[in-house]
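What follows is a set of structures for review.
After this come two complexes, each holding chain A, first together with chain B and then together with chain C.
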Partner chain A sequence: MSDIVAAADQVATTKLLNVAEGLLGTQTKSGSGSLGPFSASYSASVNFTGGSVVLTPPNVIELANVHLNYSVNLSFGLDLNDFLPHFCLPQICIFGFCTPKICISWPTVTIPFGFSDTVDISADFTLNPHLQGPDWLIDIVIVGVPLLQFGATTASILAALGLAITAAVAWIPFIGPFLAAAVIVIVAAIGIAGLTGLLGSIITPFVSGLTFNIYKQKQHFPVLPASGPNDPEVDINITALNATVQASDKNELVIAGDFTA
Partner chain B sequence: MSLTKTHHVFASAAETGINTFLNAIFSTRPHFLNYGSSLFVPVSTVAATNMATIQFPGVPGGVQWAISFAVPTVDLFPDSSGGASPLPPVAHTFNIHTTVVLRIGCMSGTGKDGRDGGKSTPLTTKLDAWALGEIIPHYFGPGTGFIGFQVDKVLLPDIKPGSLEAVLECLIKMLISGALQNVQLPFHAISLGALTLILEEGPTIEDNQIKVWGSI
Partner chain C sequence: MNSLDSRSLRIGDCYAQKFDIEGEVRYALSHSYLTRALDKDDFLITVNKRAQKGEPAQHTVHVTSKNGELTPDLNPLEIASGDIVLWYTTHPSVLGFAVTGVGPKFAFGSGALRAEGVYTHAFGVPGTFDWVNPLDPKIYGSVDVKAVDARDAKQLKAWYALLEKPAAFEIKDGKVSPKRVDIVVGQTVFWKVWNGDGVAITDKRLAEAGGTVYTSARR
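Up next, the complex of A and B:
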């Protein structure tokens, strides 16, 4: 028999998960990727909330509908010459002397665009109790990489991108008559596929190897705090820690530990 | 049947774990087990607690005394001694087995003739002591509180006459109870910090374990 046994059912384990999500906090990364035909640089931040737990013996915790909340700020260069017609201002000739021929060359502009959304993920996690330095940890580690389904909101993000492009180029002289049609063409060039492809490349690294920590205590575990010069701190030494899922009338996460004085 | 039953969390400390906890507490704070007046414990330290002498007319400075307990061994119900214990635990109780060392400073004469003038010689006896007790929860809120140990009965085998046994048993019961008041097993330790327990049931003693149930 282990010195200590602690058990949590699925309701309690869900609460442990919610705490672990908060402890993981917000993860960030930056990089570059393809937004349709364009090369975009981005910075992204991700945190996790919610979800429900199903415990499966001997050591699987299935997390369902965990909310992956993300924010992305990206920018990409847009050469308007690729999307707008070329034209020249008409020459004015008086008595054979004409004004020079002036042709319009459209600029390359940088389009900044930021957006936030949520995608739900479901995946199996396995329990990993281990000693790391001075601490005992129990992590739950994702198995594989779940499918990211970005869903119906992608279209609204694409529409917002169109508005951002419009705002970024509206100042350019002479662009007025061509602006609306150009934005439609640019957004179509990116498309749902281009946007979800970039999102996939941004979000997947946050999910690959995803680990939540549900237990962390010092191996040298404090039982009683110090309370005076003759009452030093009382510690025990946790020598072994195990975590499994056990089946009975309801499946439970069971943590068992042994310790010495 | 699940460990959590109708609750959401469960935690238990086995008999071996309880004894390790007590070993840790008493080896770090041995003054919980050792008490004595100035002849035996000149000043309170982490090792021992200084106590006043027992004042009595004609005894200069009072009666010097000391009492020490060996680190007790706890047996949670059911009995693990195989019948060897003279005071086996019954349902929802534990027993304690320890050795009690009693000392007095035996004062010689007043030294009227100049010999042995007021000399105090330590005399020691050891008693085998068994105690029966129950656990008392002190719960103050989620994740806070502790389990205390209360002694209800003490047995000193083979003390004669019976009246002396009764007196000593009552004395040792009072002293053990007083010493154990310092022993507090925090609820968070029963789960090794895994759970911030909202206590709903227990603690109870069964299956050689102290068990608690609740939610988080």
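Up next, the complex of A and C:
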């Protein structure tokens, strides 16, 4: 029999989760990846909010509909010669002389693009009570990597990317007549698959190994203050801490600990 | 950039000058206005007497940049009186050049167009472009450039046909005719100067931003 036992039902555990999400805060990452045929560099930030807990004995905590809020800034190089036709200003004659035919070399431009969105994740987590330094921690750790469903919003992100490309290249002389058609081709070359592929490679590492700390307690802490020179402070030292999901009249997260005074 | 500025010729711009007077002509290519005198180390055009039956010819000089130095592909150049020399660039690293020259009893330059001088500019973006001669604000005009969406072959063909139609301003006795031309993106506008002391064609915004002061080289 443990020295101390505490229990939290699903509602209470959901509250613990929501606090843990806030404590986890915003995580950031930068790198590079493929955006369809382009190589893109990116920086991304992610935080988690919401969601609910389903406790399943013996040790599974299912988190449902946790909102993964992400913000991505990416940039990629675009060699417009790959997407625009060869174009020359024609020779024109007037006033007894002729301009030469002048062919235009399209530049390579960098397209900056930022967007934010939310994807909901649901996954099973397992309990991991452990001592870390002076603290006992109870973490819940994701089991496996859930499938990220970026869903319908990727189409609107792709449309926004098309607008970003248009804005980034509109200044280029003589591009105007070709621009609408070129943007359609470029966006099609990236496609939903290209965008979700990049998003997957960016976001998945934030989810893989995802850990929320739902409980933290000093291993050694006072329970009674000193009340005189002959009555010193009484401390407790937690020697073991365990967490399980147990079924009683309702499923509960049960934390049990042993201590020495 | 696709700036309208005869003092800084870029891809899509041309400057042409007709040479009627025989003799030795020296000119320089510079990234900005030349303020020094020209000498024998500058580029050379020799204007010879025209054979009686010869037709005037055009000599087209392509300007490139080698190690930061602006270089014409034809130098020295021998022409006959009445011939035209045209300078232009397609070199991406040439971010603007000016032609400044002197001949027997006359000076010429892209920044100070004189008799028989022509500046051309292909407009790459839509909009209304007010231009002015910063040396004489009474010489001014406007170019209205319409956008084009050529997303299918038929539209593209129609646009290409429009590109072959020139639009022109003529500047004579200090007067500009017409005051305004309407074109589409990609079309070329010509400024022909028949006489005068020197005309620069400059986007009004550039002139207002402080590009109004320059000194042309004279021997």
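FYI, the second predicted complex is superposed on the first by the 239 of 261 C-alpha atoms of A that agree within 3 Å, B and C clash if a C-alpha of one lies under 4 Å from a C-alpha of the other, contacts with A are read in each partner's own complex, and residues count from 1 in each chain.
In this section, a residue touches a chain if its C-beta (ideal position, glycine included) is under 8 Å from a C-beta of that chain, and two chains touch if they have at least 3 such contacts.
What you see is a predicted model; the values in this text were computed from it and never measured.
Judged by the touch definition given at the top, the superposed model places A:139 against neither chain B nor chain C. In the superposition on chain A, contact is made by A:259 with chain B only, not with chain C. Look at A:174: by the touch rule set out above, it reaches chain C but stays clear of chain B. Contacts of A:89 after superposition on the shared chain: chain C is touched, whereas chain B is not. Between chain B and chain C, B contacts the larger number of chain A residues. Within the superposed three-chain model, A:21 lies out of touch with both chain B and chain C [touch as defined at top]. Contacts from chain B toward chain A in the complex involve residues 1-4, 8-14, 16-17, 20-21, 23-25, 27-29, 31, 44-46, 184-186, 189-195, 208-209, 215-216. The residues of chain A lying in touch with chain B in their complex are 1-9, 11-12, 15-16, 138, 215, 217, 221, 223-224, 229-236, 238, 241, 246, 248-250, 252, 254-255, 257, 259-261. By the touch criterion given at the top, residues 89-90, 92-100, 102-105, 107, 170-181, 184 of chain A touch chain C in their complex. Taken together, the chain C residues at the contact with chain A in this complex read 1-2, 11-12, 14, 16, 18, 56, 58, 60, 62, 84, 86, 88, 90, 92, 118, 120, 122, 124-126, 147-151, 155-156, 159-160, 163-166, 168, 185-186, 188, 190, 192.
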